[in-house]
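Everything on this sheet refers to the single structure shown next.
So that you can tell them apart, the chains are marked A, B, C, D and E in the order they are listed, and the count of residues begins at 1 in each.
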Amino acid sequence: MTEVSIEKLTKSYGNARAVNAISMKIAEGEFISLLGPSGCGKTTTLKMIAGFEDVTEGAIRFDGQDVVNTPAEKRDIGMVFQNYALFPHMTVEQNLAFGLEMRKVPKPQMRERIAKVLDMVQLKGYEARYPRQLSGGQQQRVALARALVIEPKILLLDEPLANLDAKLREEMRVFIRDLQRRVGITTVYVTHDQAEAMTMSDRVVVMFGGRIAQIGSPTDIYERPENHEVAEFVGQVNLVEAKVESVGEGTATVTSPLGNFILPTKISVKPGNMVSLALRPEAIELSMATAGQPAATVLASYYSGALMDYRLKLDNGDELHAQTFPVNRFAEGDRVALHAPAERFWLVGVAQ
Amino acid sequence: QNKTLIVPTLGGVWEQFWRNTLAPEFTKASGANVTLDVGNGRVWGANMRAAGVANPPYSVVMTNEVFASSLRKEGFFEKLDLSKVSNYNDLYPLAKKTDGWGAIAMVSPIGLAYRTDLVKTPPKAWKDLWTNPEFKGKIGLYSFSNSAGKMQLMLFSKIFGKDMYDTEAGFKALGELGSVIQADFNLSTGIASGEFVIAPFDFGEVARLRKQGLPIDVIVPEEGLLMFDQTINILANAPEKELAYEYANFLLAPETQALLMKEFFISPTNSKVVVPDDLKADVPISGPEMDKILSWDWDFMNQNQAAFAETWAKTVK
Amino acid sequence: MSPGKTKGIGPYLLIAPAGLLLAIFLVLPYLNIGVMSFRVPGQGTPYGEGFTLVNYARFFADSFYIWQVVNTLWIGFLTTAICLVIGFPVAWQLTRPNMRFRGLAYGLVLSPLLVGIVIRSYGWTILLGNNGLINRTLTNMGLIDAPLPLMYNALGIIIALVHVFLPFMILPIMNGIQGIDPSLEAAARSLGASRATAFRRIVLPLSMPGIQAGCILVFVLSLSAYVTPSLIGGLKVKTMAVTVVDALIDTFQWPFGSALALMLSVTGAIIVVIFGRMTRMKWKVA
Amino acid sequence: MSRPFLTGYCLLIYAFLLAPILVVVGASFNAGAFLTFPPQGLSFRWYVTFFNNEVFMRAIRTSLWVAFVTMIISGVIGTMAALFHVLHARRSKDVVRIAMLAPLLLPEVLTAISLLFFVYAIGIGTQNMVGMIIGHVLITLPFVFINVSASLESFDPSWDMAARSLGAPKLVRFRRIMLPMIKSGVIGGCLFAFIISFDIFTISFMLKGVGTSTLPIQLFDYLRTNFTPEAAAVSTVSIVLTLTVVIISEKVLGLRIHRF
Amino acid sequence: MTEVSIEKLTKSYGNARAVNAISMKIAEGEFISLLGPSGCGKTTTLKMIAGFEDVTEGAIRFDGQDVVNTPAEKRDIGMVFQNYALFPHMTVEQNLAFGLEMRKVPKPQMRERIAKVLDMVQLKGYEARYPRQLSGGQQQRVALARALVIEPKILLLDEPLANLDAKLREEMRVFIRDLQRRVGITTVYVTHDQAEAMTMSDRVVVMFGGRIAQIGSPTDIYERPENHEVAEFVGQVNLVEAKVESVGEGTATVTSPLGNFILPTKISVKPGNMVSLALRPEAIELSMATAGQPAATVLASYYSGALMDYRLKLDNGDELHAQTFPVNRFAEGDRVALHAPAERFWLVGVAQ
């Protein structure tokens, strides 16, 4: 149960800043995800919180105490490393026992806890194996188990599920979330998987190039992205040209090929401005075209397991991407009608 | 095309002197080239044994009598053809002890040296090592592996027992000597650094150390002197036998002996050499005084050295 | 490692040059020595007629020699242990990424090897001798009355051996440490291990290949060292190597010397094998 | 271990390593004619003597040459043997290791003597330096072997696999992937081989070619008779030379491998 | 352009069989994915094809030639290793150049090819970096680039995108697929991501515990899984109790709480048998309940970015999982009607 607060945290490698003056406050027991493209500084941030990278500038506080000079082992953290960092000379069991030994957990209790966690990560029977005798995914699970078994105050997870299949991943998520809630561990979770970040986190931090682009709840991030980059990063997005007709109190009325809408606006617009309407592909529903509705032509359709992807062409030439369940299938060249509720649109500034 | 003689020589200053002075002299006298091969009795012995009696790598070898005597037994050397060694007759009797199988070309008498600054009562005899409490724990000796070490044993046997064969007495005395510092070859370091203050030293060495500024002196003990000897031997199957004889004769010549004396403060073995006054201090033993040098039964030593080495190791502290 | 490679004669070509060299220039010459050790000791000759076990009997019958073996092994063991303890931190520091003056430090580590044995022993005599710098300083300061026995005993031998063998411990350990991923240490600390514990539980065991190599080298070298024990020990401490050398080249007891030498070597080899087995890296063996 | 403590500890060790050498270096600047410490006044006279001493200079050249040849031969075949030992030997591991260590396990004198008899038996004799170099290779081989073995233990086979997947033949993989990864072991082993060969006494003494001499032999003989600071000067020069070589190789080759 | 055929390939570690007598034929230029839970033997299979693991039993043929004894470097493969295996002592550029040098590609052409690939993996400007100076995802991209730049005959990719975010992943997929098609590289792709396997592959191989469970086109695998395990693994699946009413020519008529269907059957059933009807969550459409339709009660709903997950309870007590776009949202306790087309159901044998 520790509150973590970060202030203007910066890490430079030579002239380049891997992490650039980021600030955030993570509440006790909160589950926060770091989301961002490869190389944006997620691992670096995590390592600074853990105490493995020197802080170039800024402060890190646990419960108000500056910990920049506290050695890693005194911070009571559990960490899953992106490259696992399993101890090659210890068996799976010894790897898990290590943290417990440091905490002087009595032997019988230790054995019990290890057995429980191993069971959860589905590696029962692998106790005596050395890391190099395990598959990639198995190693990753050992790394996860090793960090979880100590039930630390702060949990730092660096893409801990990247090498697992969907089923296992799902089960691991539940397991992590359960433990985290039960013990009340403040958790920072690094993932490249938007869906994972969305389903697991209390809040999501989106980073780009060492800076924080947005912090907010998953719904915030997904449905009210503060800028186009965030919107694009956390999901696919369609941009449709629109024209501002009139401006009201924090809202604007726009006309577009998809219809006319009154939308809240955070950017300053004037009547007559050309803007972009943003819309997620899965917000679009398709049906056979009937007259009087916004319509489009199917350019291409892809099947991807659970979903159908359509590339559509509006009559004004703009292209759209729609994603639906493969209940009704449309073929290339079909005319389809588009439906999308007004609240799924948002304005993203002047279209170039 | 000139012939080449391989001349085994000791290293260091010896080699330098041979290279700079003796070899050119010999070349001048004989017209033959000289290749110097640095080593010592052990190496030459090993090399000759490895090569076998029939094919020795050398034609002439000058080494301690202790090595020479066993090699002689193994048949490597021949009895000197004295007609080819005209200088042999001028040698002191001491140098002719080998019955014509070799000739001692150099003698470095060994006396008892001590640090003049660290010793209050200078020694007079070997016995003083036991009796003067000043020396307790500060005595240096040659180890048994050195030929001088073997002589020490025979000397002490002679002093404390019936004769040099009474090694029981010798060892008993060694045991009573208490702690001594042994060295396999180099006693100079120890005495220079003051690790011990008294030890057997050859006169030449003492002279050198004194010249280098060390407060050291050496006495001729009442019981007599030991010596490092260098016997010159001719290989029975020498590849260059004629040259070898020429070289042997050259070494024994008074001129050469004088050169060696000046350089190394050895006692010349050729009776025709006169020690000049300015060298008297550094070469105190010459002429009739050569009689003070005791001689030893190397056959006895060689035959029993295995047992003696073991007893020595167990006895000397 | 990768398969397909272990097949065929390919790998054996790797060991062939060393194997041939050792077979021709070590094993063959030593056959002679092996035979020699069963020869009848000679009088004034290298050996006499016929064969015998007397050389070995003489070794086993005399506690003087047995004790020498014990003594030699003990000195070897202590030297190795001390080298390990004082060498490891140096090796560790030399592999730190931000180490400055690495070249210089590396050179310093090697420096004891650069001074010939005689000169080096002279240096030690100046320092450790009864009349040496240390003893003189302490005496002058009035701290001691009689000189401390720093030389001419096992202590002096061990000091000098540690000094000259330290590089043989440090370099292999450095090689071992360089193979350790620093994130493993980080992982240990994230689990609550202090620097010291992480060092002991992670870095130390993972440097085992280097430690093993260093220990074997130092131990073997200590067993066969004879110049240092004879110069620094003033021949007061009997070690096997010194006795072997005496027997072989000073007193011409070739049969007995050969037997002693072989006993010493076999003992050393057995200890090396046992040590290798004890420190086998289980996690590397399939 | 905390950083300052570690640094302090290491400095102490370096002091220990240096102590007797400093004595020697100090003695070499002795103005007096005798090898004493502390020196009686400072001078370079013994260096001058040394550089003008043809015998020493020739011995140094011989030693350097022998050490160099030895290092190359030992380096190559020792590394090959280590490759076999770590990568291929299974049951023969112990045997290979003991065999490779044998030259150190056996007393050098005995090796020297038996080799001397052997070279005469096969007709090489000591007319040239072949016998001596063989002896030097025997003695230095274990050092290369042990060092290379130790660094091979931490070579990750997946690097080799990656190179194979890119089509690299065996020798290229060795030169471009493995050698850089184990270079500290190879350099360490070769340095040992060089330095030790430079310092070998007994083998050289017994097996040196007739009429030649190496530095340790010269020095040994020299010291028997001349205990002057010149000997210390010789040592000092060889330390300085080697230190320079090591520092330059650190700069050029980098003695540390950046793996992580 | 190589055809790869594998016959009864087996790899044992001690008594355990990591890969157990698998056989398959991969056509020239085909793109095949290995899909399966962690530890099922994917990496091991790949390594055997590459020549890095001894084959315990079985044969591997390239174009009919047995290659079991051909060394890896002669097989003209490109491989991305699960742990990257970048050369730590070489810069990014040197890592990429290595394979080209082995192929004696001339310098200028080499430089050009490297630049092109680096551009594709979005690592321009990183040429001079060493692997240790890169983030996890960047390293993975270098590993990918290194295997691709040599344009080998056979490409073996072991989870090459596991550490990348969705956007980059998508772009990399297109890049890999493009190159693979253009050059005609026979490709074996290991992934734990079902969607990835589905979208990229010509055929998918599903493995369990060292054995092949099914080989088929993505649609085959997803829509006509041969058994329950495969079905579960490649997507979520609902099982509904049903009763066989009558049996026809390869079909059966069943009654279930979701309605009555005539379904093709591969398993032998008799009238009166109890069987399970399988149905994917996304095949279910929900609407406000009206009389006369199969209906259920909403137990819980989760929001996960693009999708809504519902846990539903049928009136007979069975639970169902449905996944829809968040167009209509239902709350806990709502009664909803279920629609699902008959062709999305399949029979999976007697329910326990």
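By definition in this document, contacts are C-beta pairs under 8 Å (C-beta built on N, C-alpha and C of every residue); 3 or more make two chains touch, one makes a residue touch a chain.
Nothing here was measured: the structure is a model prediction, and the numbers come from that model.
Enquirer: Over the chains that touch one another, what is the least number of steps taking chain D to chain E?
Expert: The least step count works out to 1.
Enquirer: In terms of C-beta pairs in contact, which two chains are most connected?
Expert: Greatest count of contact pairs is found between chains C-D.
Enquirer: Quick check for the class: compute each chain's Cα centroid; which one is farthest from the centroid of chain E?
Expert: B
Enquirer: Distance from the CA centroid of chain B to that of chain D, rounded to the nearest Å?
Expert: For chain B versus chain D, the centre distance works out to 35 Å.
Enquirer: Based only on mean CA positions, could you tell me how far chain C sits from chain D in angstrom?
Expert: So the centroids are 15 Å from each other.
Enquirer: Using mean C-alpha positions as chain centres, tell me how far chain A is from chain B in Å, no decimals.
Expert: Distance between chain centres: 91 Å.
Enquirer: Going through chain A residue by residue, note those that touch at least 2 other chains and give them in order.
Expert: As it turns out, chain A has residues touching two or more other chains at 83, 133.
Enquirer: Which residues does chain B have that touch at least 2 chains other than itself?
Expert: 46, 49, 186, 189, 193 - these are the residues of chain B that touch more than one other chain.
Enquirer: Hey, what residues on chain C touch two or more of the other chains?
Expert: 2, 5, 118, 122, 126, 181, 183, 195, 249, 281, 286
Enquirer: Show which residues of chain C lie in contact with chain A when the two form their complex.
Expert: Residue list for chain C touching chain A: 181, 183-184, 186-195, 197-198, 201-202, 205-206, 208, 281-283, 286.
Enquirer: Can you list the chain A residues touching chain C in their complex?
Expert: Its residues touching chain C are 47, 50-52, 71-73, 76-79, 81, 83, 85-90, 98-99, 102-103, 130-133, 146-147, 150, 156.
Enquirer: What part of chain D is in contact with chain E in the complex they form?
Expert: Residue positions touching the partner: 156, 158-159, 161-170, 172-173, 176-177, 180-181, 257-260.
Enquirer: Give every residue of chain C touching chain B within the complex, in rising order.
Expert: The touching residues are 41, 43-46, 64, 118, 122, 125-126, 129-132, 151-152, 230-231, 234-236, 238, 243, 246-247, 249-253, 256.
Enquirer: Write out the stretch or stretches of chain D touching chain B in their complex.
Expert: So the residues of chain D touching chain B come out as 32-36, 55, 113, 116-117, 119-121, 125-127, 205-206, 210-211, 213, 217-218, 220-228.
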